[in-house]
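Here it is, the structure, as structure tokens.
Chain lettering (A, B, C and D) follows the sequence in which the chains are written, and residue indices restart at 1 in each chain.
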Amino acid sequence: MAEITFLQAVKDAMSEEMRADRNVVLVGEDIGVYGGCFGVSRGMLDEFGTDQMLETPISEEGFMDLAMGASMVGMRPIVEIMFGDFSTLVSDGLINHAAKYRFMTGGQVQVPLVFRAPFGSGTGAAAQHSQSLESMYTNTPGLKIIYPATPYDAKGLLKSAIRDNGPVLFFENKLLYRTKGEVPEAEYTIEIGKADIKREGTDISIISYSRMLPVCLEAAEQLAEEGINAEVVDLRSLKPLDTETIINSVKKTSRAVIVHEAPKFGGFAGEVVSSIMESEAFYYLDAPVERLGGKEMPVPYNPDLEKQIVPVVDDVVGTVRKLVKR
Amino acid sequence: MAEITFLQAVKDAMSEEMRADRNVVLVGEDIGVYGGCFGVSRGMLDEFGTDQMLETPISEEGFMDLAMGASMVGMRPIVEIMFGDFSTLVSDGLINHAAKYRFMTGGQVQVPLVFRAPFGSGTGAAAQHSQSLESMYTNTPGLKIIYPATPYDAKGLLKSAIRDNGPVLFFENKLLYRTKGEVPEAEYTIEIGKADIKREGTDISIISYSRMLPVCLEAAEQLAEEGINAEVVDLRSLKPLDTETIINSVKKTSRAVIVHEAPKFGGFAGEVVSSIMESEAFYYLDAPVERLGGKEMPVPYNPDLEKQIVPVVDDVVGTVRKLVKR
Amino acid sequence: MAFEFGKKQSLETMRLMLTSRRFEEKVNEMFMQGLIHGTTHLGIGQEALHAGVSPALDRDDWILPNHRGHGHCIAKGSTPYDIMAELMAIREGVCKGMGGSMHIIDTRYKNMGSSGIVGSAIPMATGMALQLKRSGSKNIVCTMFGDAASNRGAFHEALNMASIWDVPVLYICENNLYGMSVPARYAVSVEDIAVRGTAYNIENRVIDGNDVELVYSTVKELADNMRKNPKPFLLEVKTYRWLGHSKSDRREYRTKEEEAEWKERCPIAMFRAKLLERGYITEKSFEKMKTDVEAEIEAATEKCRGKERISLEEALGYVYSSQGDI
Amino acid sequence: MAFEFGKKQSLETMRLMLTSRRFEEKVNEMFMQGLIHGTTHLGIGQEALHAGVSPALDRDDWILPNHRGHGHCIAKGSTPYDIMAELMAIREGVCKGMGGSMHIIDTRYKNMGSSGIVGSAIPMATGMALQLKRSGSKNIVCTMFGDAASNRGAFHEALNMASIWDVPVLYICENNLYGMSVPARYAVSVEDIAVRGTAYNIENRVIDGNDVELVYSTVKELADNMRKNPKPFLLEVKTYRWLGHSKSDRREYRTKEEEAEWKERCPIAMFRAKLLERGYITEKSFEKMKTDVEAEIEAATEKCRGKERISLEEALGYVYSSQGDI
């Protein structure tokens, strides 16, 4: 096992799949010589050339629809959108086209397309370059949605996404790019739709994904010192959602808190809360399930405030303490 | 009080506000001579002329951004998008611009803009003309979102939306357009963010909005015959959400079901479930809160299937029976 | 001198035009009788395009007509029954009854159909052609769209990409003078939409869209050049739709005189006159052809009676991708 | 013969160019020292635009520069302190520290700033100009955007609407040959972006963007015409940005030779030579002006020290609209 960064894991997953299949094509802005806005594709142009590296004009809606069209006749595009915030510009391609064409055509076509985008706050990029927009897509039948938190998961899940014959959204948190983790040299994939218990525990289920996972793991360590043994569930995929793992964890711990970066109101946590409420786990609850999410505001440029709008370790610790006391 | 249609109520609200303020301008496709795709603005061109009736090319993204720009310097545009499904094309204008500009500018500007769109299935218009896309917007701080169910609410809320100094999304269900209801001749408005109890009851809270409201009311009548006295809560506004009314109702009935047309997974019901879970109402629950939503599929053209994918009276009745038995 | 069909092709072409005309008349009748639900956009008056475009292409060239495309679909290979069955939402429809009038997609005949999002098929077609090119195919893609669609940003983004990447895609703008109720002379800032090609360094031309021989010979010339020397072309064809935009259009936005003028230029009547003059048909043989076509359409319609529709379970199977090779 | 500034205006213009240059140098230094967070896009090399555009407009004409707009903001009236304070995210910043470098909006000086969504300010500017026109104002709107932005669909949709409605908006395309790392010669399908105006029947012109007197006199001429005869105009100015696209750009996509050539054409040096020749300045007076400007920028920067930032509570107050007249 080698230690690589999250960024490297994403790059390796793409490179391996592009080597294996010439029809896997990376599509996006400044992905070539520049190597991508965050450097994810640095050096890939040399290996794959312009045939598999399609550098686009600033035409997000257009190249998403273009890739979607190409995907119906043999291409397996990986569409990189420079910032997740700009997914607004491709939401039509994803929601009205990629997600629906197989269905609308009675199964005549498939849309093997991957959407990739960095997202999240914490870089001082302000309101239009820092959002976590999963809720724009989680209510769309036909889409699969992945939010990996570790290099291992990122690589295995991205490879599965590329091999999937349908549209898959893959969101990469900017602050995770430089984080490191063990990744086997040997080829592997991870099934989309399976959560992972990143820390076993008995007293409460802290359920999270992407950048909030390390926050929750650190909170769990602090709680352990107080004798609270938290289980940390990494959803990894939001859609399909692994309700079985969630339910079993909550049945074991009888308490739960869901943590994400997106604003709390209307955020994905509501779906997780409901999945618990609708399952037998509800009858095991010793306390109401809580949600921790971003503050109800756009991401401010002011760095003091930017730090305050997303859940931090203390928030998780405090909430868990309160719930466990109940 | 006169009986008018939902469509007339929307038209009257716009006309009254346009008469009162020349800067209130209706912007959209085929709104002039044609009177709008669903006939909402029929005849308005004669009264208001092209100065207040801006008929646009098929350029949704462009005219939303255009209206947003105009709204910062004095216009109070009502942007009609022909089908709610096309809101994908204006999601950038709504999410990245309208919702954020007041905040990003430190309060220098306001964006008094109303987005209006017909939405929903049941007309045989198939996958790209039948969606209920509220979840694209409910997680966006800065936006207010209204889903009226009656002519009275539609008129009062739309007038408030037009007078609001911020961006407001107003969704009109196509199947409600021809429904009738009492509307006072006298001027009135309804505060955004206030739910309305459309039927008092004691045994369960059926929480819904827009087109699902009449379905829930009919279900309540049937349940009454079985001796189940259901309370029907009409949210009217999704954002801000009137959690107080929800909580008080559930504390009274100790049971709840949330019903909407959008697909269940990732739908807005999750937010309502969570608001109950996080309140004292949780301790009053005698049964888990349930959600009824659309099936996990795009809207099919096949009319037999189209009928089956949204909750119907029997679904509500059945779910309530099950919960009350508990 | 102008291109002329030989006798055999003349008769085939005429039959195709009559089939398109009769098919649309029948669909219109059935709508009036409530035998077809939803909505539809009829191409009566544009038959010279239907019979002139697809027959000029190779069997394996792709087409993407717009929402007014029944005639194109028949011309590319689908039978009237295949399409009528789709409108009747039965299993034997091209999209198993899941797509409907706006989405007649038949991949057997390399017809990727239209998107209900006006203009979005333009970048999709561009992507398909790009993939065909990189996979070494000599086939091209031809997409038809209206005058109003040329105002969509998707048009701009797609044509720019097609130009910089030399994509073999033939853009045919069917300028029928109106987008729904909005006159092109109002909504489109240029007289000839073809000139928009100059903004992308794309060759372009304007022709009479009601002269089937001109349409056919032009498309053939352009398609053949494109095979030898792959690059996009923008062809504008001037034509007129006789009926309303869709059902429930009172056509108040145009004059009876204008309609009469264009009916004078009926593509079928004009071609008929030529064929009589050339002695390829007689009044009698023409009437015979018409009754044969009518009988064919009637038979196709009859055949739909009592046919089964797919089940919810089967439909659910098309929401997400199927795995394995595609 | 070519337009020439008189002495007074020559000195003012030079000072403005030096201020813009020095301001950007200072911002760059501070970034390197980690004194400013987030990212920024510097306009060094484009000072002829900064000093040539806004001064040629009326005080109440609006501007919307793009993300590379510090110099334009200063030229329109904001002081270096106003902007530096924003970059330092303190309360006294133009946007109270909520916007940051990409969003320098200062409505006191009729500067609506840039959108972080490249190209989206184009339709916004168009809407502002439309509202100014309908409210009887004689003022116009001028928006600047890059070569790459002209590939956005928003550009297409906006220019078409501006043309059909005779909107008094001056579109200035700052063609600095690159969009981030992507050369315009690759991504933009035409040599001169100005020709895109013909696709909308919009008059257009290409000029040297490094000749401040030419830029000024051209903008003045166009703006004055536009007041008399309201309609849009597309002006392309050829220029070059000396530094990377943003911090952390290695500029591998262009040659040192190219950079050197353009530095030969430094707008400040060229103008300086003219003024020396005309005897408006001496080596000495020029150096004096430079040191004065440096001192001014230093002072502005100093002034930011230890200034307070707004609180979370205050920020929350800007998320939703405030009511009452605006």
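The rule is short, and it goes like this: a contact is a pair of C-beta atoms (placed from the backbone, for glycine too) under 8 Å apart; a residue touches a chain by one contact, two chains touch by 3 or more.
Owing to the predicted nature of the structure, the values given are computational and were not obtained by experimental measurement.
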Winner on C-beta contact pairs when B-D is weighed against B-C: B-D
Far-end chain from subunit D, centres as C-alpha averages: C
Approximate Å spacing (C-alpha centroids) for the pair subunit B, subunit D: 41
Geometric centre distance via CA averages, subunit D-subunit A, whole Å: 37
Centre-to-centre distance between subunit B and subunit A (centres being mean Cα positions), rounded to whole Å: 30
Interface hub residues of subunit C, defined as touching at least two other chains: 95-99, 103, 115-117, 151-154, 156-157, 160, 164, 186-188, 310, 315, 318-319
Set of subunit A residues in contact with two or more other chains: 56-57, 59, 61-62, 85-86, 88-89, 92, 96, 103-104, 126-128, 141-142, 295-298, 300
Touching residues (chain side subunit C, partner subunit B) in the complex: 37-39, 86, 89, 95-100, 102-103, 115-119, 148-149, 151-153, 179-182, 186-188, 249, 252-253, 309-310, 312, 315-316, 318-319
Residues of subunit D defined as touching subunit B within the complex: 62, 93-99, 103, 105-107, 112-113, 115-117, 120, 122-128, 130-132, 134-135, 153-154, 156-158, 160-161, 164, 310, 315, 317-324, 326
Touching residues on subunit A, where the partner in the complex is subunit B: 61, 85-86, 88-89, 91-92, 95-96, 99-100, 103-104, 126-128, 131, 133, 135-136, 138-142, 239, 241, 262-263, 265-271, 273-274, 277-278, 282, 288-291, 295-298, 300
Subunit D residues touching subunit C - in the complex, by the definition given at the top: 151-157, 159-160, 163-164, 186-190, 195-196, 198-202
Subunit B residues within the subunit D interface of the complex: 23, 51, 56-57, 59, 61-75, 92-93, 96-97, 102-112, 141-142, 144, 164-167
